[in-house]
Amino acid sequence: MAAMAPGGASSSEIYKGNASRLLLPTWVVIGVFLLVPVALMATYSFLTKEFRGGVIWEFSLAAYDQFFLDRGLFGDEPPKIEWTYITIFWRSIWQAGLATILCLLIGFPTAWFIATRDARMRTVWLLVVTVPYWVNLLIRTVSMKFLIRDEGPLNAMLLWSGLIDQPLGLINTNLAVQLGLFYSYLPFMVLPIYAAVERYDFALSEAAADLYAGRWTTLRLVILPVVKPGIIAGCILVFVPSLGAFLAPDLLGGAKSFMIGSLIEEQFKGAAGNWPFGAAAAMILMTIVMIVLLVYARSQTREAKA
Amino acid sequence: MTGTVINIDRVVKRFGTFTALHEVSLDIAENEFFTLLGPSGCGKTTLLRCIAGFEPVSGGQIRLHGEDIAPLPPFKRPVNTVFQHYALFPHMTVLENVMFGLQRLGWSVVDAEGRAKQALELVHLSQFLKRRPGQLSGGQQQRVALARALAPEPKVLLLDEPLSALDLKLRQAVRMELKQIQRETGIAFVFVTHDQEEALTMSDRIAVMSDGHVQQIGAPREIYEAPANRFVADFIGETNLIEVPVLGISDGMAEVSLPGGGTLRCPTPLSRAVGQGILSLRPERIDLCPASEADLTVIATDQVYLGTDIQLKAQLEGGQEMTIRLQNAEATRLPERGTQVGLRLEAGAARLLSA
Amino acid sequence: MKQLDLRRFPGFFAITLLCVVVLYAPLMVVSVYSFNASTSITNWGGFSLDWYVDVFTGPESPKFQRAAMNSLIIAVLAGLCATLIATSAAVAMHRAGRFKGKTATFALINLPLMVPEVVTAVASLIFFTAIGFSGGIGTILLAHITFCIPFAYLPIAARMQSVPDSYEQAAMDLYATPWEAFRLILLPLMMPGIFSGFLLAFIISLDDFLITNFVKGAGVETLPTAIFGAVKQGIKPNIMAISTLMLGVSVVFVTLSWLIGRSGQAKKP
């Protein structure tokens, strides 16, 4: 108590006034190589496209126009809403959402199970669940592709066992993409929920049981509301990277599972070569993500105040 | 007592708009065990940190042997600290911890090791030289912290509630030892605590602080028997504070009228007559007596059994509550609840303070 | 009568097992098939180390070796730079008290985590093209340092938070100058965090495909971009051998960082 002086001036005086010198490298590096590029990207989304990549420095709303409006083949018809790209975005949100739900359905019981082990087994289980995350994402995705291909070991095994008489046809489906996203980001769901469950006071469960609540009623009415912050954090940590993911949809999904990441990549690396349009799509993606994060931050501060 | 080692002269410390120390002045003598006592938030730790140099003062001077040390950083002050949670460097052995200060002062490794071993001997820890602090018990860590702070032979040793992290039994044993080490080394100790028993048992002098002010400075007996004001009387030990009309004051003695009639002469720090005063009555200096010899008559309301003592709750005429502490002797006869009881005030029981 | 255990829910253990199976099955299968003697990736033709030999001596080996070398150089340098920058930032954020722009700085440090990877990739490509950096190891390195900073910062700041500043105050009380207090006390106590920070940044750099693929320019490959290029032509057994080797490296690193994290905890008082 007494060591903490009022006003929070307890930190040692050594580094007082040196903050800006110590932070200069951080400001410069992230400022120049992230903040400035993002600002430049925002600018590019309002410029005119140069064929075969690049831009002409002339203001234009063409990129956003192309994204949202359909003016016919020759651009002379009255504008209607263009569904192509909105559909891709909507599909991405849908896919990322389903992947998040999949992660939650598997991740919550897993996190719960781990958090209720004794201290030593807990670290072992945590390690077991997190080790795959440290394996290169590309390699994990390729492995998944190898496993679930029509000619792959999974189908071979199921065919051999007689459970199915023709390959499942998993590859190049939305389900394959969700599986890939689940595989990519599962630890992001498990870890925050685990942290929340570890802090959960089991006397609450006892009190609920004492007041005639069954196991599942307790889960629904007591446990889930108490660990909710962990669940929400997990969902955001899975949803946000899933939304802009590139590898899983590209390697595991087919043409019908085309997602934002691939759409943007195509504008810069592929044949399409429309930089302002790619920049505009990236801006829209970033806006969606920032809105999600902002809503989350708001709810956090509201929770902290309550 | 010889000369003054530390002279604190109208020291002010502000944190933003909050003033933690209001023009605090006090002197600490060489060879003295000096205690800063007060409730949490009273400014005692802040004052200690100002002396150590961790907090720059907002005004006033801190003189060490007459030289102003307020502008000096902590590593240039010949003053060492025993921290509340010891702050033993966890990555160094016990010996390395104790050698640390000496080496910073430029001692050779050999000399520093010799002195460090001496310091550890002083606190009876010579067998743990190669251990890490994490492998020691709380009491042992406390001794290492003491040895580490004593090794450079500071002019003043500052102790920030060093016993608060120990359990009760250990705390009582360490008190005596600390006092003994202070006598042996002859270094002035400035000891911060919120525990009045600790302060009373160890100190040569105590400064009682509250709200950034020094309320009273004096020897333990003086502080307890002759509190300067209502705060000190209330904070040190138990007391009954009763509002009374003051009849007159002269030569340090006051005449007050008691609830239910009768007058009382008692000592007071006040020099001028005031209309109303606060009468402090120490509960252990009050005894039961027949109504005819009583200074005060009360109605017994409740009793609390405390083992060595029995606490009697009573109501004065006019409704004020008070407590009397009786020794739990075989012969103690307790009055029934609701009956009238006569009370005799023994010498030193009463003191008049300003309202 | 069996005691009602409020911690247990029927089926949770089964789901955990399912989870572990899903996590490990693909990696296991690829590891097993990397020892397949057959050139077919479908049929099992007996155990062999042919594909590992192929990785180091085969016709494609120079390409992959150069890519691996690039990846390693970039990961080490990006890890080191990000760790240095993050350490300095952590000292400022946790030791310099309150200062103007602290909240903004905290947001800035975490910005690379919040901006979607593909957006960072696009923005970097546009930026580097605009200033005339046409790719190459230097460009990749700059991009990697940037997104590695928050990953290095996380464990360093966490460690720093657990080191009370009373240690440094005690050091200064014992006549250590501010520089000595940093070098002899704070730095050694932060070391486990700094090491974890470096490992994390190193692995994150090694892991990156998307940003690298955007900024690398023609002719320069890192291991992930080289593997991606090869996989586009179909999964060949040598890719599985490389994958298995990288899996091994990852497992070694995780174990290492786990052990270091544990020793760091043991040292805490």
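When the chains are written out, they are named A, B and C in that same order, and each has its own residue count from 1.
Everything that follows uses one rule, which is that contacts are C-beta pairs under 8 Å (C-beta built on N, C-alpha and C of every residue); 3 or more make two chains touch, one makes a residue touch a chain.
Since the model is a prediction, treat every value here as computed from it, not as a measurement.
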Checklist entry - Which chain has its Cα centroid closest to the overall Cα centroid? => result C
Checklist entry - Busiest chain-chain interface by contact pairs, anyone? => result A-C
Checklist outcome for this item: If chain centres are mean C-alpha positions, then the most distant from chain C is chain B
Next on the checklist: I'd like to verify one number: the distance from the centre of chain A to the centre of chain C, where each centre is the average of its C-alpha atoms, in whole angstrom.
Outcome noted: 18
Checklist entry - Could you state the distance in Å from the CA-based centre of chain B to that of chain C? => result 55
Next on the checklist: Suppose each chain is reduced to the average of its Cα coordinates; what separation in Å results between chain A and chain B?
Outcome noted: 59
Checklist entry - Can you list the residues of chain B that touch 2 or more other chains? => result 54, 73, 83-85
Item to check | Touching two or more other chains - residue numbers and ranges from chain A | outcome: 3, 9, 12
Checklist entry - Which chain C residues touch at least two other chains? => result 166, 169, 172, 178, 181
Checklist outcome for this item: Listed in rising order, the residues of chain C that touch chain B in the complex are 164, 166-167, 169-178, 180-181, 184-185, 188-189, 266-269
Checklist entry - What residues on chain C touch chain A, complex-wise? => result 4, 6-9, 11-13, 15-16, 18-20, 22-27, 29-30, 33, 41-42, 84-86, 88-89, 91-99, 102, 105, 108-109, 111-112, 114-120, 122-127, 129-130, 142-143, 145-147, 149, 165-166, 168-169, 172, 178, 181-182, 203, 206-207, 209-210, 213-214, 224, 227-228, 231, 235, 239-240, 243, 246-247, 250-251, 253-254, 258
Item to check | chain C partner contacts - residues on chain A that touch it in the complex | outcome: 3, 8-12, 14-20, 22-23, 25-27, 29-31, 33-38, 40-41, 44, 54, 106-107, 109-110, 112-114, 116, 125, 127-132, 134-140, 142-147, 151-153, 156, 179, 182-183, 186, 202, 205-206, 209, 215, 218-219, 240-241, 243-244, 246-247, 251, 260-261, 264-265, 268-269, 275, 278-279, 282, 285-286, 289-290, 293
Checklist entry - Considering the complex alone, what residue numbers of chain B touch chain C? => result 52-54, 73-76, 79-81, 83-85, 87-91, 100-101, 104-105, 132-134, 148-149, 152
